[in-house]
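In the two assemblies presented below, chain A is common to both, partnered first by chain B and then by chain C.
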Partner chain A sequence: MKRYLILEDGTVFCGDSVGSTTISTGELVVTNNIGGLEQTITDQTYNDQIIVFVSPLISTIGMNRDDYESIALSCKGVIFNSIPINQMDESNPKSLAHFLKKRRLPGITNVNIQRLAAHVKKHGAMKASIMDADDEHAIDQIRALVIPHDRVKTVSTKQPYPNPNVGFKIAVIDLGLKFSILRQLSIRKCDSIILPYNISAEDILELDPDAVLFTSGPGDPREIPETIATCQQLEGKLPIFGIGLGHLVVALANGAEIEQMSYGHHGSNIPTLEIATENIEFSNHNHNYTVAHTNVAQINFFITYRCVEDNTIEGLRHRSDPTMTVQFQPEAAPGTHDTLYIFDEFIEMINSFKQGNQL
Partner chain B sequence: MTKRVLLIGTTMGLVSGEKLDQEKAIYVTLESFQQSGYETILLTENREVFPDFHTLAQHVIFQDINLTNLKSIIIQYQIDFIFPTYAANNKLNIFKNLIKQGFLEKNHVKLLVLNQKNLNLMISHKALTNYLQNKGFRLIEHEIINKFDEAMAFVQQHHFPIIIRVNNKEQKTYWNSINTKEELIHLFQTTKASEGYEVERSINTFKEITMTTVRDRFDNKALIYASEDIDPIGIHSNDSISVTPVYSITNRLFQRIRDAVLKLTRLLKIVGICTFHLAVDEKTDSFYVLEISPLFQSKILPIIASTGYPLFEVICQISLGCRLQNVLTLDGSIINAAVELTPNHLTGRFPIWQSPQLVDLNNNLGPHKSSLGAVIVNGNNLETVIMKGFKILNLSDDIFINHPDAKLSDEQIESLLFHTSIRRIIAVCEALNRGFDVQEIQSFTKYNLVFLETLKHLLDLARLLEYKKGDLDTLLLSKRYGFTDFLIAKLWNLTTAQVTKITSQLSLNRLFLPTPSSYSLDHGAVLNYYSSFLDDPFIKEPNYQIIINNYPNSDMISNHEMTILAHQLIHRFQSDGYSVAAQGNLLSKIDSHALGDFYVDSSYNKSYLFSPQNRLNIAINTIENQHINYPVSIYNLKYQQQLLQNHQITTEIIFIQDNQQRLWLSLPITNVLKKLSSQHFEMTAIPSKLKTGLVKRISDYVHSNYQNTKFGTIIISDNDQWQWLDGFTINVGIVSQVNPNFIDVLCHCLVGIATPKSQKSKHLFGRKINLKQLANGLYTTKVKYFDLPTTYRQELK
Partner chain C sequence: MNKEIVDDKTMKRTLTRITYEIIEKNKGNQNLVLIGIKTRGAYLAKRIKSRLYQLEDIEVPQYDLDVTNFRDDHPEMTNNEQPQFTSEDVNGKNVVLIDDVLYTGRTIRAALDAIMSIGRPSKISLAVLVDRGHRELPIRADYVGKNIPTSHKELIKVSMAEIDDEDKIEIITN
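Up next is the complex of A and B:
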């Protein structure tokens, strides 16, 4: 069945339907991930987005439940370069087609991905719809549609829940939590408690955690002022670690400015330079916003990482408080394990903070 | 004082493809060293080197690469660095001895890339296994035994098959695969192992993955290449079809392997390139390191064809101490070479055998390399990649039409599936056609399951095409998956023209897609294009600027000169920033992988060559083509005339090889030149063995056929005689016989046409040429160039 991807600016791409045949609209993002399809689709930071996979043969071995990053899907659709024939069989319970159908996620394959990727790169991120027909009304509908401004609210947990272990107690503020963050904390024996995005600083302090982690998540951080306020109140009192959207939240809480990127960073092996060592690491990125260079010098942070390709700020560290952030996703999933050590640095920071308090 | 680098070149006995790969690498490396301000001395065993080596290197020394010669060269030329990356594996002992004897230290010579540690590991399998074990890597179960009983005890523990190597000082020995007790008895009866038998658990069901890393001295490292073989472990990696990127293992396992190879690169203190061959067991999610090589391997050339990654410049620059993110390319720009492969297409590498008739090739495949080279193809799905590979290797007819194994019984087919021969792929296709289960075939062949499923898909499509003759839906599907009009015509018993006519009714469009990767996307250095059929109403013509193509259906198995010529042209154009594509089975058949940085795609439409985007067409042809009768030049002038019918062609240059292996060139007959009649173009040629009669025939032909055009012809003959044909203002030269300076001058002329930035062209510009000097290898003069208007040039860029 032929289906159409219609972009906000009227550009049309067509291909073959895969998965659900529902109509869907979202923000279009192009990712260069060459593996880890399950991890990408189930990543909550892709909330309300239609994900374009540039790489062909992204899944030949079927969907692996162990690699899911969340239970519920919140992306709006998937566009593929091509799908291997063994993954198009809806009757096979491990196939991609079966997964998409079951999860009611619409997809299109055999699309001219190169033109699509080049278009997004040239014209920037935009809204798009997966539809059955290429008619005039479709574009009007897309233009009229407003991407929700409460994406974090949608994906964040409504109730706190624990992920028990025997180590440090970490208050994980769920802005769009990936399971891999919990996996990394569990590997380091952290006793995590996952909290909703709008929890107050008092409630957090009442739990007496050893540190706070603001997770990655979708959308614009300015849409969650309550989280920014919480962060402001916690700073200096507890070690803070911000990842992805959490990084932007921490930056905003400290007076930094943020700006929207033209088409963002979406990919699992984007080279990032650690400024202290001048070493290049490859990390998983998914963000359309970044901390602006304009007033970074004025705030109390120094830059720890930057993107090799476009000099985007990718990491910050407070000059005096135990606060560190990274814009990329150090937990990988998908992507390289180059930056997993950042979780060790986080634990080290908690240790130092605790030792400092004891003195 | 300028530092001197000794570059170790190629050894004797390399097959043509390998030699060209190495020489191409050396070519770029010499340029890169020169650009970095180093003096280079090239030591090579092969006398047939690229002519440019003489100008790029301060000295080219033709000597055996051995310890004595190396020592004397180091002293004689006061060498500061040795660059061994392109040396053969069997020369590693020389470097080990140089270090061991303290010769390098004494003479203040630094060995780049290699060091005592990684040399030991490369030379000794035992040292490698011990090292890996110490570092916590998993090892394949192995033992050193002396008696048959001990071997049987090992078998009881690990079962057949097992791998045994007879360690004998007196003779070189290889690994033997032993499947039965009888084979084991026979081995013990027929061999004598003075140093024991090395017995190892067979891992011939595991997948083979190749990974290449680069690392600079500041410990920046990146995995720049990863490919997966279709065949399992046990068959030489170069003899297997391989596909990049790796596609049939989980992301989790892939990342673990990546971590391991990067860790090893660091532990071994590699500053340069390092290739790892790994065995991957999906069942247990485990992997084993089989081989580590810090030397260049042609296996990884698809990285260039796929992404345009400046591999050789990177190796050279980082070995000199440059940071990975600040690599200086030959065009003078600084790039970030710390990138990892994220292609939007697949790249397949297909081995070339001694004959395209695979059915006749019962040769056993094993740990020893049997292929003569490889073809590299790009496609946006695995089916297309396979179809392109089959087509270029002339396998399509056997697989889809002739079915040579159709007369065999099922038992015979099963036997062929077990047998690891070159022709096995034909038997696999026959088995799939007969309805053998994919899993069953996989259990026999250990082929990659996804590959088998894809192959089955293609065969099913071919059958569907036969069944549904003229059906547009089936046609659409088959076109999308890489079926050519030619093949469909055979399946439908129609002519290709008829099928093309039907195909034009489809909504599918042939698109020429660039092959950007993380590298080229960021730097805009798209070098290669591949064709693909997609249902996209917005066709965007590719911006090819130069297409190298051979004449359709021409056939030339092995011609070193021709390949070098094509290679040099391509390289020179690419160095000057042009997109270059190659088309046709001639190039691919010879050594397409040697020409690895351009794309070989024989399936695109000939009519495409007439499109306005083609700035320069170069055809390479051969007399071996059955359709061509001597004199070939006349034939090709007819061909040129056909090209001229389209008014968009800029230039057409044709190389022809006659049956005496001489190379001819005629150029350029172009209608753009007609429009630019005020411009002058003059082509230099090396006079040699040009028959007067042929000259006359050609000149007569040109004169009679193009008398109304406003361009002229100069023909240079043996005796430095030249003739002006009246009424022509643009010169067309005819060149014969490749000689060292011919290619160089020719490249300069051609590059000079389109780009003034070539340094060498600048030197040559406006100077008169002395043909005798030219013939003697001392070109000191040059003629005027055809110069494009500024606006036109901007458009090109």
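Up next is the complex of A and C:
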């Protein structure tokens, strides 16, 4: 069955249907992740987005249940260059087609990905729609679509829940949590409790945690002023670690400015420089917004990581409070394990904060 | 028996963290002076200095210090080398003393005497790569890389790429 990917500006790409045959509309993002297909599709940061995989061939071995990053996935569609013929078989319970069908996720394969990726890179991020027919009506529909402004509210947990262990008590503020963050905390024996995005600072302090972690998540951080206010009230009282959207929340809470990138960083081949040691590391990036260079000198932070390619700020650290943030995803799912040590640094930061309190 | 407990990657990480903490606790990095106790402490101080330069674009003064003349455990050893810094270099400054292993605290006591015999800093803090316990003097470190509990019979050996060809920390049991 032929299906069409129709872009906001009228460009049409044709391909074969895989998975569900529903119609869906969302923002287009291009990622170059080769491994970790399951992890990418189930990542809540891709909420309301259509994911384009530029890899020539993907999903040769099918879906692995161990690698899911959330229970309910919330992306709007997947576009492939090509997938193996056995993965198109919906009757095979481990195939990609079966997974997409069960999760009611539409996909298109055999799309001219090089042209699509080049188009997005040239014209910037845009809305797109997966449709059965290519007609005028489709473009009107896309233009009428308003990108939602409550993505974090959609993906954040409604009720707090614990992830018990025996170590430090971490209050994890769920802005679109990836399970790998909890896995990394569990490896370090953290007794975490996962809280909704709009929890107040008093409620967090009432739980008496050892540290607070703001997770990665979808959308624009300016849409969640309640989380920014919470962060402002907690700063200095507890060690704070921000990942992805959490990094932007912490930066906004301290008066930094945020700017939108033209097509963002999506993928695992973006080199970041750790400024202190001049080490180059690779990690999974997934962000459309970045901290602007304009007033970063005035805020009370210093830059710990920056992207080598376009000089964007990828990590910050507070000059006097125990607050550290990274824009990329150190939990590495998908991606290389270069930056897992950042979780160890977080634990060490909690340790030295506690020792400092005792002295 | 030698057992490697810290590899080169972790050692670099630890030094980076100590640098972050030095920035955190010294707002503005004003009047900061790094003094490394010879021999490995001096190399650690050089590395912290280069990290501070990368991060904050500031050239922090860094000196080496030989404490042989001030030791109380080896009075027969002497050293005629002139100290690298004068009283102007440390008077009123915020000195961070850097050493590799903190054990009895006697080396640090000697270093404090050595600095005080030259000048009067406004504050001296201590950064060590390893704190192995068994203090014999009331001394503690402000920045600790790793706390490694040991027994008296064991020995902690810090190797640094500058003189030992590689970065590692070993624990040696006889």
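Criterion: the second predicted complex is superposed on the first by the 359 of 359 C-alpha atoms of A that agree within 3 Å, B and C clash if a C-alpha of one lies under 4 Å from a C-alpha of the other, contacts with A are read in each partner's own complex, and residues count from 1 in each chain.
Everything below uses one rule, namely that a residue touches a chain if its C-beta (ideal position, glycine included) is under 8 Å from a C-beta of that chain, and two chains touch if they have at least 3 such contacts.
Just so it is clear, the structure is predicted and the values come from calculations on it, not from any experiment.
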Query raised in the report: Which of the two partners, first being chain B and second being chain C, lies in contact with A:233: first, second, both, or neither?
Result: neither
Report task. With the two complexes superposed on chain A, say which partner A:278 touches: chain B (first), chain C (second), both, or neither. Result -> both
Query raised in the report: With both structures placed on chain A, which of the two partners, chain B or chain C, ends up touching more residues of chain A?
Result: B
**Report entry** Partner chain in contact with A:198 - chain B first, chain C second, else both or neither
**Finding:** neither
Query raised in the report: For A:165, is the partner it touches chain B (first), chain C (second), both, or none of the two (neither)?
Result: neither
Query raised in the report: When the two structures are overlaid on chain A, which partner does A:334 contact: first (chain B), second (chain C), both, or neither?
Result: first
Report task. Go through the superposed model and pick first if A:302 touches only chain B, second if only chain C, both, or neither. Result -> second
Requested in this report: Could you look at A:345 and tell me whether it touches chain B, chain C, both or neither (first, second, both, neither)?
Outcome: second
Query raised in the report: What is the contact status of A:157 with respect to chain B (first) and chain C (second): first, second, both, or neither?
Result: neither
Report task. Would you please give the residues of chain A that touch chain B in one complex and also touch chain C in the other complex? Result -> 278-279
Query raised in the report: Which residues, counting only chain A, touch chain B once they are in their complex?
Result: 2, 12-15, 32-36, 39, 54-57, 60-61, 64, 67, 81-82, 84-86, 110-115, 117, 121, 267, 269, 271, 273, 278-280, 282, 308-309, 332, 334-337
Report task. Please give the residue numbers of chain A that touch chain C in the complex, ascending. Result -> 274-279, 302-304, 317-322, 341, 344-345, 348, 352
Query raised in the report: Any idea which chain B residues touch chain A in the complex?
Result: 218-220, 222, 245-252, 254-256, 258-259, 323-325, 336, 338-346, 380-383, 450, 453-454, 457, 480, 511, 513-514, 516, 518, 521-522, 534-538, 540
Requested in this report: Please give the residue numbers of chain C that touch chain A in the complex, ascending.
Outcome: 9, 12-13, 16-17, 19-21, 23-25, 27, 51, 54-56
